[in-house]
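In what follows, chain A forms one complex with chain B and a second complex with chain C.
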Partner chain A sequence: MALLDIDGLSVVLPSGAAARPILDGVSLTVETGEVVGLVGESGSGKSVACRTVLGLRPAGARTSGEVRVSGRDVLAMNRGALKALRSGEVAMVFQDPRASVNPVRRIGDFLTEGLRAAGVPRDRALERAGELLAEVGIRDPRGALRRYPHEFSGGMLQRVVIAAALAGGPALLLADEPTTALDVTTQAEVIGILRRTQAQHGTGMLFVTHDLELAAAICDRIYVMYAGRVVETRGARELFDAPRHPYTAGLLAAAPSLEPDATPPRPIPGRPVSLAENPPGCAFAVRCGYATDRCRTETPRLAADDGGAVACLRADEGILTC
Partner chain B sequence: MTAAPASRVPSAAPAAKVAAPPRRGTAWMRGLAAQGPLFTAAVATLVLLALCAVFAPFVAPHDPETIDLGNSLAGSDADHWLGTDQSGRDVLSRLIHGARTGLLGPLLVVAVSTVLGTALGLVAAWRGGWVDSLLSRTMDALFAFPAMLLAILCVAVFEAGLTAPVIAMTVAYTPYVGRYVRSVAVQEKARPYIESYRVQGWSAWSVTTRHLLPNITPNIVAQSTVSFGYALMELAGLSFLGFGVQPPTADWGTMVNEGQGAILKDAFMPALAPCAAIVVAVVAFGIVGEGISDRIAKRER
Partner chain C sequence: MIRFIGGRVLGLVLVLLATSFVVFGAVHLAPGDPVSFLMRGRPITPEARAALTEQYRLDEPLLAQYFHWLGGVLTGDFGRSVQFRQHVGTLVAEKLPVTAILVGYAALLICAAGIGLGILAGLKPGFADRAVLVGTGIGTATPAFASAIALTALARTAGWPTYGGGEGFGGHLKHLTLPAIALALAFGGLVARVTRAAVRDELGREHVEAARSRGIAGAAVVRRHVLRNALGPVVTVIGTMVAGLLVSTTMVEIVFSVDGIGSLLIKSVTNKDFPVVQALTLLIVATFVVVNLVVDLLQPLIDPRLSLTGRGAR
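What follows is the complex of A and B.
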């Protein structure tokens, strides 16, 4: 049984008379101790998919499909079960650490709050919080407990947030663009810490990002999303080396490379479409250099190929030769 | 008169390091002290007024209700600093005793309306949807009643005195606080840290009481301080009209009423002194409230 199993998840947002779909039949799994990347452009639905794991749905949204954590369907949970899930089994690290911490409470309060609520005495909770801070590489953890969020740099604060996420001993860590708000040198450190603590605790991790190269560097497997659908999934290495979907290939080609003989970055033409304005057929067809008339009328289904799955009508033709 | 709701959007740039170690409470106090001499003077005035009210029997040189018709409308002298009124009662002593009802009334109004209004505002902000619509529209409807009219109605139903106007003013002020708290709470609730507590499994109740409410408390305090001055003025107005505190109890509003006849006899002090007291108190509350608002705005940046 997979730790996280999202099965055919669809989310439809009602806006006035016209219902607006956000996700369409998204399925993904995360095994215990596995790091899985969820990659896509803005508006592709990756964050929405990530949040449904905690039972957070956009207001008024209709969902179908199942989101199972350790076999239990999150979407069918009552409040008590959701609370237990959020405070224990699943933890989340947000994009901007500065915004996701109460600015007027000490770090010590922030870290011990959950432990105290679980009945841990104050001294023991503070001790545990100190250990957690040491684990994420904060110097002088005892002193840090007495400080306020604004006294930390962004990277340091993100470490604190990671420490807080680990406090409940989660089996699954959701990281929603945890490094997007940080500068590049700090990014590497935070990624290193995430990766190390995840490996030490055997935590499963769903890593949401728009950076395919970053995902390829740290994830075991990657799901690529486009316009509310998963368009390709396979092992990180294989995906990086031999993408089968033109969109994945486009994402990789759009990233600049430092190799001396590398081609200059090629942007994907057009702009990302949302599932709502999606014309019939493949959502990527309007931006795809390989699109045929068939692509514009027939919606491709995610079909298994060697070691992964891809949703492209021309995947078997070997059109991508990179 | 609404304290300007300062932008609550967290700044993109990391907050500059504050020189003073931000111990909650003490840093706040120090920050308030740095608001300038006007603010300090206003605080001192309010403290003085409060002390006068509490220790009136010990501070007042005379009994406020002892009538001495032989010494009617005396000018100021060493014994009666502010002179006497038509019945020969010492104006200063009545002024000092008048601070009791003068401050107690608004205190009750502000305390009760702040508690009720905050509760309503938080529920409306947190639940949203039809709960928000229902509460907001009900508050709007109440808001449409002028406080004075409500008070006069209340006096007609109950009887003149401190209770009826206080009840009426509380009813009139609650929607005011409720609307303000709702607007501040809606903004605060939209900040990501609230959601981050939600996804850690905290219930709506604990997030609200432990994080949301403490973080908007300074805004509520600022608002209440300004409201206190207005409530004081309106209650004094009701007393002046004869709906509030009844003679012979010393009260600033009734004193103005009783003293107005003396103006014709060239004795200004019996009416002027309580007027001045009301103005000073209202202005002082206004300055303190504004000072706290400024402090909040500075903290936001």
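What follows is the complex of A and C.
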């Protein structure tokens, strides 16, 4: 049984009379101790997919499919079970620590709040909070507990957020673009801490990012999302070396490279579309250099190939190798 | 911190000084003659008129009169009331308690009802929210004296106690309930609307969703992260409301025949009793400035990012 098993998840937002689809049949798994990347541009639905794992749905959204954590469907959980899930089994690190930590409460408050809610006595919770801060490399953990969020740099505050996420001893860590809001120099440190703590505790991790190269560097497997659907998935190495979906290939070509003989970055033409404004057929067809008339009428299904799966009608034609 | 308070106190003194001059000048420039009022239209001998003019220093230039008055104020002597022939200080001290109780009572009602309704409207979109918006809209648009008149009419038909002096604190409280409600109707809506907006604003913050994602119970999220963070704008609006409350009290006191400083102020203005008008205006301005100083001192306790010394501010 997989630690996390999202199975055919669809999310529809009611906006006025016309319902707006956000996710369409997304499936993915994370095993215990595995780091899985979820990559896509903004609006692809990757954050929505990530948040449903904690039962956090956009207001008024209708969902179908199943999101199972250790075999139990999160979408069918009652309030008490959800609370237990959030304070224990699954924890989340948000994108911007300045936005995700309450600015008017002390760090100690932030760290012990979850523990106290779970019934840990105050002294024990504070002691545990200090240990957690030391674990993520905060100097003077006891002093840090009495400080306010604005007294920390962005990178340090994200360490605090990671410490809070580890407080409940989670089996699954959700990281929603945890380094996007940080300076480049602190990004590497935060990624290092995430990887180290994840490996030490044997935690499974779902790493959401728009940066395919970063995902390839730290993840075991990667899912690439486009317009609310998974378009390709395979091992990080294979995906990076030999992408089979034109969108994945486009993402890789769009990233600048430091190699002296590298080709200059080629952006994907056009703009990302959301599932709602999606024309019939393949959502990527309007931006795809390989699209045929068939691509514009027939929606490709995610089909297994060697070592992964891809949703492209022309994947078997070997179009990307040339 | 001490420098900040020192600066603010200096500012307070300057504001009071400027206000005192404007008020002093305005009262003296207004048409009408205090001496005529004193004699109540009776004929007056030139000697008597000269004596009165001498007593109130009416023949001196405005600036000289002002500085003489200011010198008295600094030593706690606000002069003598023209109409009551009493020391202004004694007169005000006599009338102040009932107005203080009325304003405090109204402020309490405003905070309880305004904040309560604002939280309700902020947390529960839909019918409750719309009802509060419509109700506070009507309340805010109706001046306090209009609600006061409506309430007296209502009280007369229903046989509720209107103001009749009252025995002791409890008696005052009982008889001041309707005037306090009249004031609260006019100002509670503003507090409710600001509270609602602040609660809405905080509810949409990511740290609130993050708190939920950590398995914190809904009631604790609302108390510790939504309401706690929404406090800043609410305290600010309550502070700025105090001046309006003091001014509106005058009309409400007249309507309910409450014998407080509001009634005293109106009577003194009509009768050209300038020492009383000056003292009361200064009192209102001073209260406003002091309350807002307290609000400014509270803000850093509410939001630690607003450090008084500027250290650690973003």
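Everything below uses one rule, namely that the second predicted complex is superposed on the first by the 321 of 322 C-alpha atoms of A that agree within 3 Å, B and C clash if a C-alpha of one lies under 4 Å from a C-alpha of the other, contacts with A are read in each partner's own complex, and residues count from 1 in each chain.
By our rule, a contact is a pair of C-beta atoms (placed from the backbone, for glycine too) under 8 Å apart; a residue touches a chain by one contact, two chains touch by 3 or more.
Everything quoted here is computed from the prediction, not taken from an experiment.
Chain B and chain C, once both complexes are superposed via chain A, clash. Using the contact criterion defined above for the overlaid structures, shared-chain residue A:Glu189 touches neither chain B nor chain C, since it reaches no partner.
In the superposition on chain A, contact is made by A:Ser87 with both chain B and chain C. Contacts of A:Gly154 after superposition on the shared chain: chain B is touched, whereas chain C is not. When the shared chain is aligned, chain B and chain C each come close enough to touch A:Pro103.
After overlaying the two complexes on the shared chain, residue contacts for A:Ala118 are found with chain C alone; chain B is out of touch.
Under the contact criterion defined above, the residues of chain A that touch both chain B in one complex and chain C in the other are 54, 56, 82-88, 91-92, 94, 96, 99-105, 113-114, 117, 148, 150-151, 164, 168. Residues 205-207, 209-217, 220, 224-225, 228-229, 302-305, 312, 314 of chain C are the ones that touch chain A when the two sit in their complex.
On the side of chain B, the complex with chain A involves touching residues 10, 14-15, 17-18, 22, 24, 128, 191-193, 195-203, 206, 210-211, 214-215.
By the touch rule above, chain A contacts chain C in their complex via residues 51, 54, 56, 82-88, 91-92, 94, 96, 99-105, 113-114, 117-118, 148, 150-151, 164, 168. Across the complex, chain B is touched by residues 54, 56, 59, 82-88, 91-92, 94, 96, 98-105, 113-114, 117, 148, 150-151, 153-154, 161, 164, 168 of chain A.
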